[in-house]
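Labels A, B and C are assigned to the chains in the order they are written; within every chain, residues are numbered from 1.
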């Protein structure tokens, strides 16, 4: 029943993305419309992929760092991406893919630094240090970014922050193709880690005694979740809230077994983002709201509602 | 003669950066249908011994074999199908029901993408029954008492269908009734299901009553090993635990009663 | 309040020669914190009075000889004070209010001027003329600038959209100077229904409204990078390469050369 509802919600969200929009496209023209095929359909698919990736990455990370407040953007990736983008603009790097590539590289650099910090205690990856390191590296990157923006001269740099705030404006068949080829690998790695993640919830020692290769799982989950997030930031900026709350909503409905939780988080995150994007495009047309605002405005009441119904007394 | 389930021989280990050995020259062996308890004061190296036995630490000297194969060479999942461990502490992050948490014990038997099968559910049922916890199956973990929670954890270890059960201080924070029930449970598993059991415990008396053989450690060194009556003598206990005791026999097993210290000044 | 009164009395009693400038003598040492103000000052013949400019003030060429006091956003109080001005001309915006207060606190007279749209040019020029004692030149400049603008407005013959940023797409709306230029040049801004000076819109809106030209601020003379992005090629004007590349220094702000900007725009549209 729950799955049916979720799948229906996802389909409705995707359809709404295609049918609704600020440019009124009559239903009978949908199939031939340039706007629909070149803009709306890729945008809906990108929303599904990015939202789904953020949902799964968030769920995995929360299990890894054993902290329900973990969000994919806590790992310093958004700071690194922002710094990469701003550097690209300040250095006048040109090209239609300059910003996404620079942001991706920046995110990877942050990933590497945080990972290195996480290993500081020895060969074992310490999730608590990952969290702290992520916050620290993110803050550092943000500080450097602000310094560059205030010292350099382009007004465009201020617009870079708009990009970083998140949005699916850059969606095209090219972008969708890239993410569709890239995302499955880290997604599969995360899905394969479902059972070890269940075990990890008991603590690293117990998980090891129940057959989990704890070090390998931690590494893989961290890298896979971070790579998904880095790609998401590169194509759509920082869309907060999805990675934090969708896993919780999914847990309240489906429980903690990751075999079920991760697919639910994928569909739920994708559907939420697609739906939010449609609202962002239509509510104040011809203007557009930042999609992260809409995801929060929708997600919080849903989350609160579920908490009330399912909170165990 | 089958290989013992667990065999440590002349094991020595020192933690990196430590000034002295955590364990030195320790040997023990656990066979099927044998309940072996390891005793000793705090810091005597008991938990280190468990880690070596399970391949988590590699001894500097000596061997640690599980069914004849060095513990550190076992593949994680295969070891989990052979040895069920109930560590001292568990930090369960998310709320769970009893049945779900016992099901985690079946994971070593599941393939990467395969779903849980009927035989897995049946193993969970059997484990819960053996631990007298079947009636708790749908309860949330945090609603359980300490004793019930420990039984559930043992049920999870049993669901692994191991040959050897390792328990680290399982009765530590339990009240009298639950302590006795836990030891009876473990004894029953040894007698009826033919498991081998290695238990770390503080409780001298219960270990003496229920275990087949004891190993007494002090500062990482073995003091005495063998049958309870042989190991727990008044002299040995008083020396190792630095406290005067009187010894009694119950059910043919030695029981020690700590004495109050008599002060010289009192008449 | 009491402190201001005290300063007033002090100034009045202590310095008869340095009486408040805007009442009596014209300003002799002016620091201009906006390129348009610098242009106007030079255009009304008060260029020799300008002792400080921002680093962006690059027109007329004579302005480059004037020492720079930094970016101007926000104003560098010390750098300005070091030029010992008796008048600082500042663009009226919320961001500059703190600086204005600081100038006043150290006794530097500051004047805030609006300069957002074409109609602000006249008043600004006249004020600057009065402050520097060049009222006559200011009047003739105002007359000249009036002749640039067309009344009544020419009927729009082409449609246009100003794209300031591509991801997310930011366009210029009705409230802005660029929109005014477009109207003067006979072009209709397809986003003139947006009242804000600039706003984020969906790409599909741009596609649906199908402007004939896409205007971007560009100093390089090359088409913008986003022209090569697949999603932007859904816009007909991008596909056909119909870009208007507007130089930032000429088109970015109202000033004496606005007429030149309008003429340039008309010329580009006539191609």
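Just so it is clear, a contact is a pair of C-beta atoms (placed from the backbone, for glycine too) under 8 Å apart; a residue touches a chain by one contact, two chains touch by 3 or more.
Keep in mind it's a predicted model, so treat the numbers as computed, not measured.
Engineer: Out of every possible chain pairing, name the one holding the most C-beta contact pairs.
Structural biologist: Counting C-beta pairs in contact per chain pair, the top pair is A-C.
Engineer: Counting only C-alpha atoms to place each centre, which chain is farthest from subunit C?
Structural biologist: Taking each chain's C-alpha mean as its centre, the farthest from subunit C is B.
Engineer: Please compute the C-alpha centroid of subunit A, do the same for subunit C, then give the distance between them in whole Å.
Structural biologist: Each chain reduced to its C-alpha mean, subunit A and subunit C end up 40 Å apart.
Engineer: Any idea how many Å lie between the Cα centroids of subunit A and subunit B?
Structural biologist: Result: the chain centres lie 44 Å from each other.
Engineer: Averaged over CA atoms, how far is the centre of subunit B from the centre of subunit C? Could you give it in whole Å?
Structural biologist: That gives a centre separation of 81 Å.
Engineer: Touching subunit B in the complex: which residues of subunit A?
Structural biologist: 63, 66, 192, 195, 198-199, 201-203, 205-206, 208-213, 251, 255-257, 312
Engineer: What does subunit A use to touch subunit C in their complex?
Structural biologist: Touching subunit C from subunit A are residues 21-24, 34-35, 38-40, 42, 94-96, 98-99, 153, 156, 159, 162-163, 167, 169-175, 281, 285-288, 290.
Engineer: Going by the contact rule at the top, pick out the subunit B residues touching subunit A in the complex.
Structural biologist: 54, 56, 76-77, 79-81, 83-85, 87, 89-96, 100, 104-105, 107-108, 110, 112-113, 140, 160
Engineer: Spell out the residues on subunit C that touch subunit A in their complex, using ranges where they run on.
Structural biologist: 71, 164-170, 191, 193-194, 199-205, 207-209, 225-231, 233-234
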